[in-house]
Amino acid sequence: MLDKNGIAKRIAQEVEDGYYVNLGIGIPTLVANYVRDDISVEFQSENGILGMGPFPIDGEEDADLINAGKQTITALPGASYFDSATSFAMIRGKHVDLTILGAMEVAENGDIANWKIPGKMVKGMGGAMDLVASAENIIVAMMHTNREGESKLLKKCSLPLTGVGCVKKIVTNLAVLEVTKDGFLLLERAPGVSVEEIKAATEGNLIVKGEVLEMSI
Amino acid sequence: MLDKNGIAKRIAQEVEDGYYVNLGIGIPTLVANYVRDDISVEFQSENGILGMGPFPIDGEEDADLINAGKQTITALPGASYFDSATSFAMIRGKHVDLTILGAMEVAENGDIANWKIPGKMVKGMGGAMDLVASAENIIVAMMHTNREGESKLLKKCSLPLTGVGCVKKIVTNLAVLEVTKDGFLLLERAPGVSVEEIKAATEGNLIVKGEVLEMSI
Amino acid sequence: MIRKTVANVTDALAGVKDGMTFMLGGFGLCGIPENAISELVRLGVNDITCISNNAGVDDFGLGLLLQQHQIKKMISSYVGENDEFERQMLSGELEVELTPQGTLAEKCRAAQGGFPAFFTPAGYGTEVAEGKEVREFNGKMYILEEAFKADFAFVKAWKGDAAGNLIFKGTARNFNPCMCGAATITVAEVEELVPEGELDPNQIHIPGIFVQRIFQGKDYEKRIEQRTVRQK
Amino acid sequence: MIRKTVANVTDALAGVKDGMTFMLGGFGLCGIPENAISELVRLGVNDITCISNNAGVDDFGLGLLLQQHQIKKMISSYVGENDEFERQMLSGELEVELTPQGTLAEKCRAAQGGFPAFFTPAGYGTEVAEGKEVREFNGKMYILEEAFKADFAFVKAWKGDAAGNLIFKGTARNFNPCMCGAATITVAEVEELVPEGELDPNQIHIPGIFVQRIFQGKDYEKRIEQRTVRQK
């Protein structure tokens, strides 16, 4: 089974040379730490920076330089700053190659819910609705089940949707899955996790074809 | 009767303190020369400058600094450059206070035609259609009649329109007129021009109320 | 040059009234108009609608207005950092309209640029699309969103001049430029009001035509919401 | 950093074919991609559609492509400076779509920003509105305009870096930024390609994400169309 850093590490393998990548808050933010350093990648943060670098060295934080998670960051050579309208022109205009974000629920048809629990919690969608409606390449980073052990990979989302039929790939603590027209296709198992355990943790239709290899991270 | 500079001089009186003004090609360009220097005015040129100054001193022309008429210009302190989308955001968003442009024909309902003579001449509308569709305060600078002596202030435009019901005021070589719901209201006569002469040169409905004073320029 | 300078925040906010709609720049606490917010608290204007990407934190930014119950309605994309906000919202005291962040930015820009409406894919198939026109273009679904209408826009810039020209800094730029000229009156507060002619006309982010009033702000706290660092 | 640098104009225009649609920056002869235009003449690509505010003059700018009859269709706002253009248009050799200048700019920006369509008042009640949806918002009439689609955008900037970041100069900026990222491939030619990290990230007009290829241009003539001066 993977921890959050493990999920981030596995997702980092999906990042290719020349990609502009938008990382959501939470596990996705960790992905930047694990991208191979022999490829060229630029991170976009929707609050207005392209070419985002690591956190600043202690004492060098700049209140005017944060990421979408409101964390202090740095800018790499070749970076640029821009306004919010331009930032979403990048996103809506499909100039960002890969979007990695978290989810509360994903459905077997690719629907995603991650912004609201009616009557309980309303954080808002932030940039997620623009991202999922626009991006062609969306990877969801999430735990396979909630704290009560209930599956978050569902036949149908129960929470208000963030976007419809948009998720392409999911990396959880248990598995890597692709969203196909027939449901969740199991691509890889997390180390030490059996196909049966993944089946048990997946409410939506899980497709298992042939032998499913353990992921290498 | 006024010459082109006379028309420009009269229009300059319409420019008020704090106005952002867009000047069209031709006579309107001359208006800048006659604006009182005790008021603050900024000229916008739709190719991307606010705070346009006079023509450069001989030898100081910059190929990267022109107005919408493609003439070399200068920039005054407080000027800014911007792209075409931003420029028309200023225009469409009603941030420009006064638009002065030329016309081939104006109709008594405020329609204007100035971009095309079917089968003969097609220069294009440039920014004129955006300007007339957006501006709340449009003054047309034009000759009252064409070379054949025919009126250019018509009941109805014969040429393809640039905009509908948008012209508020017209300054010609013969008169100053306001477009009202009943037609062209004669406000002022050019020096030495009689009301009868103006009537004879105006095809559209001309409204004459009381004594019409000669303009002072 | 048309001068936009006013003496202080009080003059800058002249005309602000109960029941008005305000736009406020900033992302989280980054690039927020601190002086304008303080003055709104001092003035005690009530029943206001705020268009702002976030709602501040409990004791800073728009949270200060929430504490005083001055806000009737918030239009935001993300409000997850503010407990008082969540309390007022869940109890029904506060009306909330959540809007996708890119749509929020573009609704500002539409108001700035004279566009009444535009089509965007964000929110299609979700609650956000309810009651809105939906249309297909080239095989993809979009919803029609309308421009915002606001009485005042309060923005914060790094440098500005008497002509109202603005330059922002780093990611403190965010929504601020989009809101300039998007309300009837745009008020810009700047960290540094420079002498006229000092800003390079080629490097101005927002031309002065989009700004009605500008003033030298003071006492900026520029609080950091999530201080994250690494070791050398 | 993702590198966009190519060695020369020939590499920059790889993939250009007959029948394609190109966007070309510039206003009059100011800020036009001179190197790309020369290469298009040299390559002799035919039946092209050009989206460009103007059509150059008889012997410079897009006029060079008109001379060789390479252009099938022009989409512009103003073409009054070119006799050969007028001759080809009136004779029917050249297809012409005249578009209001602000609409032209926004159709580029819509393509850049993923908006399929927008409402604008420009052209309402005129030939431009024919066949287009018309709608009233707040008592005013607007027409629906759609985003452009193009294969290549050729733009000219003042300075650029390997990441594709661009800075324009003076009014040579015009349509160039609007066209970046508005076509499948955006090719930027620059007067000065600077070492990476030299451009201030706060002063970049177009972030490199909107540019696929960048090269150091050469032999710029930068012809002035209307030299107007005053005496000292």
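Letters are used for the chains, namely A, B, C and D, taken in the order the chains are written, and counting of residues starts over at 1 for each.
Everything below uses one rule, namely that a contact is a pair of C-beta atoms (placed from the backbone, for glycine too) under 8 Å apart; a residue touches a chain by one contact, two chains touch by 3 or more.
These numbers come from a predicted model, not from an experiment.
The chains that touch chain A as well as chain C are D.
For chain C, the chain with the farthest CA centroid is B. Annotation: B-D is the more contact-rich of the chain pairs B-D and A-D, by number of C-beta pairs in contact.
One finds 32 Å separating the Cα centroids of chain C and chain D. Our note on geometry: chain A versus chain B, Cα centroid distance of 55 Å, whole angstroms. Taking each chain's centre as the mean of its C-alpha atoms, chain B lies 28 Å from chain D. If you average the CA atoms of chain A and of chain D, the two centres end up 36 Å from each other. Residues of chain D in contact with at least two other chains: 106, 109, 114-115, 120-121, 168-170, 201-202. Among the residues of chain B, those touching two or more other chains are numbered 49, 75, 81-82, 85, 88, 91-92, 134. Taken chain by chain, the contacts fit none of the simple shapes, being neither an open path, a ring, a star, nor a full set of pairwise contacts. The set of touching chain pairs reads A-C, A-D, B-C, B-D, C-D, using the touch definition from the header.
Across the complex, chain A meets chain C through its residues 45-49, 54-73, 75, 81-85, 87-88, 91-92, 111, 115-116, 119-130, 133-134, 160-165. Those residues of chain D that touch chain A in the shared complex are 1-3, 109, 111-115, 161-163, 165, 181, 196-197, 201-202, 204, 207-210. Those residues of chain C that touch chain D in the shared complex are 106, 114-121, 137-138, 140, 142, 146, 167-170, 202-203. Remark: chain A residues 18-20, 40-42, 44, 49-51, 75-82, 85-86, 88-96, 134 touch chain D in the complex.
For chain C in complex with chain A, the residues that touch the partner chain are 27-31, 53, 76-81, 86, 89-90, 96, 98, 100-106, 108-109, 120-128, 158, 168-178, 205, 222-232.
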